[in-house]
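As structure tokens, the structure follows; a few thoughts come after it.
A, B, C and D are the chain letters, set down in written order, and residue numbers restart from 1 in every chain.
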Amino acid sequence: MNDPAPKDPDFDARVRESFARQGLMETLGASLVRVAPGRVEIALATSSAVSQQHGFVHAGALASIADSAAGYAALTLMPPGAGVLTAEFKINLMAPGVGERMVARGRVIKAGRTLTLAQADVFAIHEGREKQIALLTATLMAVEGREGVSS
Amino acid sequence: MNDPAPKDPDFDARVRESFARQGLMETLGASLVRVAPGRVEIALATSSAVSQQHGFVHAGALASIADSAAGYAALTLMPPGAGVLTAEFKINLMAPGVGERMVARGRVIKAGRTLTLAQADVFAIHEGREKQIALLTATLMAVEGREGVSS
Amino acid sequence: MNDPAPKDPDFDARVRESFARQGLMETLGASLVRVAPGRVEIALATSSAVSQQHGFVHAGALASIADSAAGYAALTLMPPGAGVLTAEFKINLMAPGVGERMVARGRVIKAGRTLTLAQADVFAIHEGREKQIALLTATLMAVEGREGVSS
Amino acid sequence: MNDPAPKDPDFDARVRESFARQGLMETLGASLVRVAPGRVEIALATSSAVSQQHGFVHAGALASIADSAAGYAALTLMPPGAGVLTAEFKINLMAPGVGERMVARGRVIKAGRTLTLAQADVFAIHEGREKQIALLTATLMAVEGREGVSS
């Protein structure tokens, strides 16, 4: 998408405040790395606390940071007051999650009034080298005027 | 699927031992409720530790227990020594995750030699009533003879 | 879903008229078999006109009848005047499409005001025996008041 | 993916011969535009023969050319003698298919020994302008030594 124009000048603060309320991100040890119009990056430090049975990072942990990265990328382009909910996502796992750090980079593919399509690429960083290990596509829904659902 | 016949008589112990090694499940507070041929159920106690920004259970947490439920349902039908990896999954979120407890029920749709298709229905249990809130479909891959990947 | 109640008493005629306008269905040789509240069945006669390179029915042809079956299942529960559009679908292919006839059975999983989740099971009928060969899940959007989009 | 190296020097002829055997592509009026290592482009002339009920191109027709584009992109990187089958795909529809011509551009994201992940971007060309209208991600399986399944 070219030149996405945020409808909310405070999009950065809005995403950071919302992220801070996601208890799951803190539980997993995930952090917000970057917020830009239509793009959000989230990192996860690898440990046995997020592993599956073979010691790789669990697909669910990768999906969690990728879903948040895609969802917040969508939120950067939504009008003030709108909340974002995930309608669905699909994740393809291309290689095991092995490395010191996992990074999910979300970006908006198409921002619509009701539905936004976003994608997140997930990379494993191992000894300073990046390798793509997963690809997520998500449909995000903008929710306006529903009690308890904003940002 | 009718009458799935486990190829490994010890499928129950195998799933339980593998689940115990999934660090993410312990971190999330998830527990293994039921193991049967082609079917596995995993529960998650709701708390702010697994929430998204509006206080609902995070889609990533629901995806995590649903992916494990589908993956272990697949593993119950795999031969001894085979490991299971998720190739991809898609999850549709139908309603917000609100309630005391979330339950993911995985079941095998088609068990193949290399690829298994499984589905997981996710329910929120609120004041004793069950409501379906998500549906996951996953492609699981049986991995044999790869170092570090068994069960 | 239990007891889906159609909001449009003429849902049957509405689906049949809409189906008749789908040029693709006629091109493929597909026919509408059954319309009921929340459920629609579409059949496809097998021929080389819908094949892929090995002579199996092309995944795109299976996806076409499954998408229409899921979409029309959703439409049976929408209010008069609303049009239905597919936001996304995923299809898992479980076995090659081999047989005289392919049948897609769509059913609504969750009917919402804006978004409906539906599933379609696809079967191959070969020498009188049915075998499930594909599973589709779709997100359908109800569109109201957009010019050119109704039923 | 950088510098994908075809394992089969005759990948171009192999894709073209296989495409010519896909009866569905001829039925839809689709044509093979471009074959390169890891990339294949397929075009579809718009007509009422591929429409849905509102006159837009049917999601199933878009999925058909996108699935073939992704599948053949995968085939360009497979060893001689291997056949390609679609295990699953997901397609997100971003805008109605309106225009004289639809184009699906498939590309390989990750080529594995058994499974390949590919993506196809679908564009509508209307009065000389291109607009992306759909995004497909697919898991393709390389099949070797199965009777009747090659290329």
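One rule holds for everything that comes next: contacts are C-beta pairs under 8 Å (C-beta built on N, C-alpha and C of every residue); 3 or more make two chains touch, one makes a residue touch a chain.
Worth saying up front: this structure is predicted, and the values here are computed from it rather than measured.
**Q** According to the touch definition, list the chains common to the neighbour sets of chain B and chain D.
**A** A, C
**Q** Can you check which chain pair, B-C or C-D, has more C-beta pairs in contact?
**A** When the contacts at B-C and C-D are counted, C-D has more.
**Q** Indicate the whole-number Å distance between the mean C-alpha point of chain C and the mean C-alpha point of chain D.
**A** Centres of chain C and chain D (C-alpha means) sit 22 Å apart.
**Q** Give, as an integer number of Å, the spacing between the C-alpha centres of chain C and chain B.
**A** Here the centre of chain C sits 28 Å away from the centre of chain B.
**Q** Among the residues of chain B, which are close enough to touch at least two other chains?
**A** In chain B, the residues touching two or more other chains are 87-88, 90, 92, 139.
**Q** Within their complex, state which residues of chain C touch chain A.
**A** 87-88, 90, 114-115, 139, 141
**Q** Could you pull out which chain C residues touch chain D in their complex?
**A** Contact set of chain C toward chain D: 18-19, 21-24, 26-28, 47-55, 58-61, 63-65, 67-68, 83, 85-93, 96, 148-151.
**Q** Give every residue of chain D touching chain A within the complex, in rising order.
**A** Chain D reaches chain A through residues 90, 92, 94-95, 109-110, 112, 117, 119, 132, 135, 137, 139.
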